[in-house]
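Look for chain A in each of the two complexes below; its partner is chain B in the first and chain C in the second.
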Partner chain A sequence: MNLRRIAAVATKEWKETVRDRLFLLMAFLLPPLWMVVFGHGLVLDVEHVPFAVLDRDQSSMSRDYLYRFMGSRYFDYRGSVKDAREIDRLLGDTAIRMAIIVPDRFEEQLLAGRPVTVQTLLDGTFPLHADTLKGYVIAINHAFTQELLTSFLARTRGLGPEEAHRIAEPVSIETRYLYNQEVRSTWSMVPALIMFSMMVASPLLTALGVVREKETGSIYNIYSATVSKAEFLIGKLVPYFVISTINVVVLWLLAVLIFRVPFKGSFPVFLTASLLFVLCATGIGLIISLLVRTQMAALIITIIIAMVPTILFSGLLVPVSSLSPGAQMQAHLFPAMYYTDVVRGSFLKGLELEDTWTDLLALGGFAVVLRLVAYGLFTKRPKA
Partner chain B sequence: MEGKEALQTQHSDTIVRVSGFVKRYKKDVAVDGVDLEVRRGEIYGLIGPDGSGKSSLMKAIAGVLTYDAGAVDVFGTRVDSERAAERIKPNIGFLPQGLGLNLYPELSIEENIDFFAQLRLVSDRDLAERKTRLLAMTRLERFRDRPMKNLSGGMKQKLGLICTLIHEPDLAILDEPTTGVDPVSRRDFWSILTELLQEKGMTALVSTAYMDEAARFHRLSFLSRGKVLVSGTPMEVQTLVPGSVVTFETTPQVQAIARLKQSFKQVESLGPLLHVFTPTADQSEARLQINTALGDLVPTALRVDEPELEDVFVALLLQKAEHKETSDAQPTAEAGHGRDGLAIEAEGLIRDFGSFRAVDRVSFQVKQGEIFGLLGANGAGKTTVIKMLNGILLPTGGAGRVAGADMRTAAGSIKERIGYMSQAFSLYLDLTVEENIRLFAGIYGLDKRAMSERYRWIITMAGLSGYESSLTSRLPMGVRQRLALGCALVHNPRVLFLDEPTSGVDPIGRRHFWEILSRLAREAGVAILITTHYMSEAEHCDNLALMYAGRIVAEGSPVDMKRQVEHEAGRLFEVVAEHPAKALVHLRQAGFHRAALFGTKLHFFCRDPVRDRDCARHALEGSGVRVISLHERPLSLEDVFVYRVMALEQAAKQEAAA
Partner chain C sequence: MPGPELEERVNRKDGSSFEVVRLWALRLVVMTRKELLQLGRDVPLLLFLLYSFSLSVYISGAGIAMQLSNASLLVHDGDHSESSRELIHRFREPYFRFDGDVSDPKEGLARLDRGTAMVLLDIPPRFHESILGREPVTVQLQVDTTNAPQGLSAAAYAARIVGGFSFDLALSRLGAASNNQMPMPMVESAHRVWFNQDQDETWFQSISHILRMITLFAFLLPAAALVREKEHGTVEQLLVSPVTPLQIMLSKVLAMTLVILAATTLAMVTVLKPVFGVPIKGSASLFLLVTVLYTFTIAGLGLFAATVTKNQAQVGMIALLVIAPMLLLSGITTPFEAMPPWVQSLMALSPLRYYIDVTYGVLLKGVGLELLWDSILTMALLGGVLFGLGLWRFRRQFA
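Moving on, here comes the complex of A and B:
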């Protein structure tokens, strides 16, 4: 191990990266850009759903029923139609995503104590979305039914509204959302996006940095020189490690200052996890770069390897615990999941070292294993 | 391993010993049983076309590539593992193939050198000292801070050499260091390399694709298809195939070629000249053989010379009879294009890229049926000229007409009348020969009848029969090149543009290709504009223009150009002397400023052949250098190019000084 040679490789790499404008842009602009674009774009909250109504009853009770939907912040009223066929057209054009059809004699039947059925048509193109919508509809419908019952009880038994309510709904639920009181999806997404941006940018940068030398042939300078494998690998990674570390801090600032996500945990823990994760991510890039020959191949493979598991198995969109057992196992094979746990935990749950040390340990393990694999794959005397 | 000690004592000054070397890439055998020995202090040459196995061999010797069989010993160490390879690396400098590709474009000249020095742990003091000296020697010191990406080809090459030698290795392995560089830079490079090696007692293993560089090596191996065809000193190689080269003019040329081919294997037409290799070293015997073969045709301006190494290599290749395809091409029974009128006219063409003037007032004319060569180094502006004439690139200034159409306004009709073959043959490698031809015919909209007629014509013209259903990717380079030519001719164009069509093709393939070209020009009346950086090839052209830094610096027929230089500078003489380096110094002192070292030989110009010659001999012998031989040599086009460019540079320097 000779520090002068490591420094030579690292300095050269740093100069090249900083002077190549495209590379520089990629290094420092892509991660924040992803963060901003996805942070604003990947909002999973279901709100302001456009809907239309077909009121066949036109009674005061049917209007009262429909007003409850119109007044909700979850729905946007887009008008009422005269004909069921018009609903088909509107849904087909995605002008609306839901329609409510109130049958005729709605008021008459209800007042006579007979059950009625209100038809709701939901756009099922996005199942998660439709499920959430269904929940809203059921809740509003439930509230309406509950009121009917309460007023019926009050009327027939001569009870006060309070007591009537208690009888009508003996068990009530009190929900309190922990960690993310307003259930904002940005709060959950943005910390995970730090992971996502790093997971794609760091390996990409590292892989391109090494493959670039393979493609031009300058790697032969390394092969034919007395610089050792470890010296080269360390020197080569230092600049990318520094760039990635700067990026982590920038992304953290973006999350806290622009997206206003509260950071409740400990910054040292977050930083440690981030550095370990950067080591993993650059390690993945390094391994890819040792297996391919062209920058194009490196680009495609890195994007596939880095993106697909990250999106599917890291807990970015779907919690790991709700994946199938097979998928859960896969999730444990990628470092992204452990880091996502730490980042989300640090931001939202205020987790400290004692809660996250297993994740940190796992990340450290990955970093070491990936380095060893890279060292094993790298040879200064290749077959071709 | 056990025989190592014994082997070592055989030749104590042997630095590299390769025996039974085999390298495979998957199923392809790149090098097939090569033996080689490099001794201390020599420049050992590996010569051969692309794919002959030079690079694989050099990489294995440098310890950066594994091999499959045989043994490689460097400095007495058997290089058979990564660990063993690491042991030899401190004393090796390796320059991989590709001009400047191993350097770092974003770093400046100085930063590049520093990086290589730091990798090799050269001490700061040594580095500073060597850097100053090497930069001065290569005349790069003014550009210390210029990023490598903004250097010319010649400068990149010299920087590459500095970086490879900065740690003063015992053995320098240089893989095609001169490919794609202009002749002036090439000569410069050779003199720097020779000087450095001598001074530091280094040994060098150098590969090249230029046959005419063979004479610069102390010893060499000629590689062909992974095997060594011949090894030895240039002199030894030359004596292997005794013969002489007879050059003369005669008309009609086509008929003369047909007659000569019956008796001789190597017949080339160089413009109006014929160039024949006769298998006899006796000059009068050679004359006689030619006269007999020609019958009633009378040769004029006949001269007999010693064969060049390239002639020897071709003769050897032919002896091996690996190439049976030499000349099955039939004369073309093709209704020719009219011989009248100009096919290409360029008038003051200018092209700027930003503030950089790539082409500067270029004018020339090409007649129908003429082969016109545009010569110059990479980056001299040749390709830009072709692109403008093809209507692909708009000129900044000037005018041009191609096949009767104005290139500014009628780019569409130009494309119908011209054929274009680029450096990287634009063939579809996964299609067969027939499919490729039919595809190109389809692209040009030939109807069914025309297509099958044209197809047969191309197959015979390009000598492709027997290859019709072979996959293009499986074809040897030479055949692939002829197929590309055939595809460029599919729509029977009047004008053909060829952009460095012969890069990487072996000498026989190149000669065959030129044979087809001259037939196309002579018999079918096609006008051909060709670019090349092989100066030796340019001899085939009827007329030439030399481009340097975007300008045409000389033009005319090869014979005229040489005559003009002879008129201005005198005749060229070659000396073989005992101590070449010492001899060079004495010659320069005696007033022969243009004297230059060529391997072990010296070249210099004499204004007065008799008087100057004696003067040179006296100068050498008077200072104790024994002259082994001293005789006149025909000028090569490379000599012309170097002379012209040097004159220009000198004029520019004087202008700057004044």
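Moving on, here comes the complex of A and C:
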């Protein structure tokens, strides 16, 4: 190992990067831009669901019932229809996601103390929404029933409202939301977006590094130079490592200052994890760069490998524990998951070194293994 | 290959207009063939393409469940009575997975901290007694909301379970009091889920994975192919040959569209139908036709990106800039309606937004052109504009 030769390779790579203005601009601009756009836009809460109603009863009670949906922020009222066939059309055209059908004699039956069934039609193309919607509808129906029962008991048995309520609802539940009291999806998304930006942008920066030299032939200068394999690989990484590290700090500042996500953990742990993760991400890019021959292949493979598992298997949207066993395995084979744990934990849960050392160890392991694989794949003797 | 005589006749301009068209088409075919051959020789890329449209569709279809499942539940039972056991028993799979009792709520909280459990249910002492004594009683639930939607979902299910328990209790008590089946006023919920009765998430996830792949490949393949020619200088060679800029661009789009169409068909016949049993309710040919239109649109965007960049690294960065927001915000990963209005209006420009509606409409809802024509038209307009812009920039740069 010769530090001067590493510095020489790094300087050359750095100059090449810096002289490509658009590329350099993008390298620094993309991560914060993503953070702002996704931090605001990537809302996972099911809200403002467009719905229509078919009110066959047209009574004051049915209007009171339906008003509970119209007044809720979870639903967006899009009008009432006269005919069930119209619902078919609206659902098919995705103009609405849900329709509520109130049966005739709704008020009459309920006042007489008989149960009534309200039908809801849900668009099931996005099963998670359908499931969440069902929950909302059941909750609204439950609350409505609770009130009906209370007033019914008060009326028929001559009980006071307090007493009647106690009989109608003997057991209640009190829920506390930990770590994110207002259950803001921004707070869960923004820390994970640091992971996303690093995982998607850093490999691409590196991936084209070696393969570009292969495609243009300038790699032969390296083959014939005194620089050793390790020196070359380290030198290549330095500029991208520096760029990515700056980006991590910028993203952290954005999360804390602009999005006001509380950072409860320790900054050194966060930074260590981030540096290890940057090493992993750039390592993935480097390996792809060594495996393929053309920049086009490197570009496409890196973008897809970086983007798709990161969206699906990193815990960004779906917690790893609710994946299927096969997908969980894939998640564990990928460094992003461990880093997501550390980042979210550091921000929201205030985790310290003693809680996260296993994740750090895993990240370190990945960084080393990826480097070793890259070292093994790279050869200064081109195949004939 | 155009013969020399034919070439000459056209150049002397005495060929019929039919000959001109024939020659134009022939040149396009030759160029398209060249693109296909070039792609065909990139073995790692081809293998990856195959993987992306087969195995990877399977993995994300089978592996991802965004609905709450197996949320790890801890219980601190301060009562150990018949009633508390009955309540705990109601928390069951597939939503909750009972992960054991804790003797101290603090121990439960520590496990929530470490992330090894998600929900802690705390039943107070004298739970059973209170119920028998007709005193209101409250159970406590602590939920880890670092992942907000999942946490909310778990809380909603828990509330539903406890609400049901409480309601049954009230009913049995009232029934017992009057000693007959007394009717009660209540609103019961009957749900009908359309288009996917069982809420089978594999359908949704596998289709959305294919949409992601189509988008990525449709952007990157033509864009990289064009910018590569710029980088290597071969684009100048093409421009001094008899092919026009339109033919150069069109040939790349045609070749890549063919490849993507083949890959999509492959995904449908090898994974979607046989493995996941996705019911292709509408017309499959309509879906493929719209896919062609969509690929053209995205390829137009890619070619436009290729004209503003100088090398493939820059194309990659532009792709990330444009494609990542499209994939995450157009409505396949998150509910569209819940996004802030400015993001919604920004995404009105995303062709994927319309393609999603058409795809799910045709494949799952079984609707046809009569309902989808507006989405298709918007997409075609976007595609025409993008393609036109790309062609205009390309001409200005080189001609």
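Some notes on this structure:
The rule we apply is simple: the second predicted complex is superposed on the first by the 382 of 384 C-alpha atoms of A that agree within 3 Å, B and C clash if a C-alpha of one lies under 4 Å from a C-alpha of the other, contacts with A are read in each partner's own complex, and residues count from 1 in each chain.
One rule holds in what follows: contacts are C-beta pairs under 8 Å (C-beta built on N, C-alpha and C of every residue); 3 or more make two chains touch, one makes a residue touch a chain.
If you're wondering where the values come from, they're calculated on a predicted model, not measured in any experiment.
Applying the stated contact rule after C-alpha superposition, one finds that A:224 touches chain B and leaves chain C untouched.
In the superposition on chain A, contact of A:86 is made with neither chain B nor chain C. Of the two partner chains placed by superposition, A:104 touches none, neither chain B nor chain C. Applying the stated contact rule after C-alpha superposition, one finds that A:352 touches neither chain B nor chain C.
One of chain B and chain C touches more residues of chain A, and that partner is C.
In the superposition on chain A, contact is made by A:291 with chain C only, not with chain B.
Of the two partner chains placed by the overlay, chain B and chain C both lie in contact with A:20. Look at A:9: by the touch rule set out above, it reaches chain B but stays clear of chain C.
For the contact definition in use here, the residues of chain A common to its chain B contact set and its chain C contact set are 20. Remark: chain C residues 42, 44-45, 48, 52, 56, 59-60, 62-72, 87, 109, 112-115, 118, 131, 134-153, 155-160, 162-163, 165-167, 169-170, 173-174, 182-197, 199-201, 204, 209, 212-213, 216-217, 220-221, 224-225, 228, 309-321, 323-325, 327-329, 333-335, 337-340, 343, 357, 360-361, 364-365, 367, 371-372 touch chain A in the complex. In the complex of the two chains, the chain B residues touching chain A come out as 25, 59, 62-66, 81-82, 85-86, 89-90, 92-94, 96-98, 101-104, 106-107, 111, 114-116, 118-121, 147, 163. Chain contact summary for the complex, chain A toward chain B: residues 2, 4-5, 7-9, 11-12, 15-16, 19-20, 216-218, 220-228, 379-384.
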